[in-house]
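Shared chain: chain A. Partners: chain B in the first complex, chain C in the second.
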Partner chain A sequence: MAAGATYVSIASQTLTSAASTITFSSIPAIYTDLIIVHQGAALTTTALINMELNGDTTGSNYSLTFIIGDGSSAASGQYTSDKFVGRNYTAQQNNIFQIMNYSNSTTYKTTLSRSNSAGNLVQALVSLWRNTAAVTSVRLFVGAGNFDTGTTFSLYGIAAA
Partner chain B sequence: MTPILGIMASQISGHLATPNNYESIATVTVSTAVSSITFSSIPGTYKHLQVRGVGKSVASGIWVTLKMNSDATAANYYSHRLLGNGSAASASSAAGSTAGADFTTFYPTGSTAFVTDILDYTDTNKKKTVRTLSGYDANGSGEFNYMSNLWQGTAAITTLTFGNTANFEQYTHFALYGVK
Partner chain C sequence: MATANTFVQIGSTVTVGGGGAADITFSSIPATYTDLVVKISSRDTTSGSVWQNFQIAFNGLTTNLSSRAVYGNITTPSSASFASNIFMWTSAANATASTFGNAEIYIPNYASSNNKSVSADFVSETNGTDAIYGLTAGLWADASAITSIKLTPALGFAQYSTASLYGILKY
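For the complex of A and B:
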């Protein structure tokens, strides 16, 4: 069996002022999976976090299924033509996005996401981008309001043997 | 400075780390449909294992199974599942079979992605537990699974066998990693 160290920090950014969108671009195709860790809070407005890949703004190329627990009940939902992948609360929380097999050019891209906000909910979500292109850029943006100052976004790459 | 990775918005603080605690051990990419994927001769030099993958079944079917060390004793396996199918959340459990424990679901209509952690896989004082997050979405259908598997063996794990009676489709990709 081959063996090699991986799980590499590619880039990170910390917001020095509130922003509604962040983008990682020119992502090299030398890894197999990407992981983005978001830690922070919304400035004033709770909103959904959306994801666009490779600048594709066509809503109908995106869909998702999620399961959620809000402290009193569990539920599941499903949307087509929707880029929703996470949640942005005014309380500190994290979202972890795992973009699987992002650098291949033969299959649609699937992302596994987890949202963890102790004061609000836990959520797990799978989303599909119906495009076979290798992912070279990821844009995360909120549907309303902003990511607050100090919010961090860290991008990692994992390379399979 | 022109960063290798372009970053827009706010402050840039890109950097490269020197990783040494998470290693790629082996990868299988299916070129023609197969009924099982096996990682064997897994070294005992790590603390935990992680398997990451994406794939489909060729034919309609549901469960991919996970077997440890080729142990075909059904009573040694058990699984629990928390499922969101797009309309409701539910929970279930299942006894094992000679193929192992129910690991996660694969379909022909959409790719299932999964991340699996196999904890303390070399500890000979513990039965082995596995946790998996997996999901597939096919634009109007799909599901998300939290899975837990138990193998009631205490031997160090040296072989993992993922079985699929509906066959793994071409391009299905399983990658095994070790965590120190």
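For the complex of A and C:
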């Protein structure tokens, strides 16, 4: 029976000043799945959180589908050429991103995202990066404004037994 | 590069006994982790209901809680907001016998001095005419470190309901 570590802290960042982007790079290919946990608030401006993998900035390589509730109604939608995965509000909130099977080199990469802002909305989102490369870096950035000081980002690796 | 397991169970799984339970509480939670995860398998004892709500509260307080949920059952998906509670839903007494709802609650930075945001997913399938699936975003607007968690059902947790608490540690 394997007894090795299966849920491992790879890296974490706590912002000491407001920033619009953070990057986890040199991610090793020794795990099965990745999880990124964001917790914090926007400095002043509400915005979408975007994700780029391996430095690929081409929007047409990404697509997404989501379901969302704002407290009064539910909705769903799809974007065929966009890379937003979460939401950044000025109240304390969290976003959790799970990148499944990130290190294989044969399939496109799917990310499951959850956005949780009790004063604004709750969202589940699935996104696709149409590239078969193993994921070695993840960049998260806001479309406007900044992540506030004290915002945390934690990257975990889950290893198959 | 850290290699230690950072997802560890805190204490033991709570299993509800034959008399049911009015709540499940985890207390004396140490501040040594970064995030908390609660995994729940539960059934509510409310008769006449296929599913019912349950809620989470912290440190023995029921103030400064709020949430928004999006959920679907057999009709059009809906969304609701709650100004004083963090609600989720689970199976109840009119659900197919022996079926229990599942929920996972994630609380990042639970020991920080910021307000605490909560992510929750819940499901309840009954092999019958109704079921529920949903997501909840919660907030406890309190700067205190979380030292206890209380799960409270609409009426009571049925026998064999379980809850487990885990700590996640970043280096």
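In this text, the second predicted complex is superposed on the first by the 156 of 161 C-alpha atoms of A that agree within 3 Å, B and C clash if a C-alpha of one lies under 4 Å from a C-alpha of the other, contacts with A are read in each partner's own complex, and residues count from 1 in each chain.
Quick note on the criterion: a residue touches a chain if its C-beta (ideal position, glycine included) is under 8 Å from a C-beta of that chain, and two chains touch if they have at least 3 such contacts.
Note that this is a predicted model, so its numbers are computed, not measured.
Student: Name the contact category of A:Ala91: first (chain B only), second (chain C only), both, or neither.
Tutor: A:Ala91: touches chain C, not chain B.
Student: Is A:Ala124 touching anything from chain B or chain C once the two structures are fitted on A? First, second, both or neither.
Tutor: In the superposed model, A:Ala124 contacts both chain B and chain C.
Student: In the superposed model, does chain B or chain C contact more residues of chain A?
Tutor: Answer, by number of touched residues of chain A: B.
Student: Could you say whether A:Asn116 touches chain B, chain C, both of them, or neither, answering first, second, both or neither?
Tutor: Once the two structures are laid over each other on A, A:Asn116 reaches chain C alone.
Student: Applying the touch criterion given at the start, work out whether A:Thr106 contacts chain B, chain C, both or neither, answering first, second, both or neither.
Tutor: Once the two structures are laid over each other on A, A:Thr106 reaches chain B alone.
Student: May I ask you to decide whether A:Ala74 touches chain B, chain C, both, or neither, giving the answer as first, second, both or neither?
Tutor: After superposing on A, A:Ala74 lies in contact with both chain B and chain C.
Student: Touching A:Thr65 in the superposition: chain B (first), chain C (second), both, neither?
Tutor: After superposition on chain A, A:Thr65 lies in contact with chain B alone.
Student: State whether A:Thr57 touches chain B only (first), chain C only (second), both chains, or neither.
Tutor: neither
Student: With the two complexes superposed on chain A, say which partner A:Gln39 touches: chain B (first), chain C (second), both, or neither.
Tutor: A:Gln39 contacts chain C only, not chain B.
Student: On chain A, what residues does chain B touch that chain C touches as well?
Tutor: Touching chain B in the first complex and chain C in the second, residues 5-10, 12, 28, 67-69, 74, 76, 114, 124 of chain A appear in both lists.
Student: Where on chain A does chain B make contact in their complex?
Tutor: It is residues 1-17, 19, 21-28, 32-33, 63-69, 74-78, 80, 98, 100-101, 104, 106-108, 110-112, 114, 124-128, 130, 137, 155, 158-161 of chain A that touch chain B.
Student: Inside the complex, what are the residues of chain B that reach chain A?
Tutor: By the definition above, chain B touches chain A via 3-17, 19-27, 39, 41-43, 52-54, 82-89, 110-115, 133-144, 146, 171, 173, 175, 177-178.
Student: Where on chain A is chain C touching in the complex?
Tutor: My answer: residues 5-10, 12, 28, 37-40, 67-74, 76, 91-94, 96, 114-124, 150, 152, 154, 156.
Student: State the interface residues of chain C toward chain A in the complex, per the touch definition above.
Tutor: Chain C reaches chain A through residues 1-7, 34-35, 66-72, 76-81, 86, 106, 108-109, 114-119, 121, 135-139, 141, 168-171.
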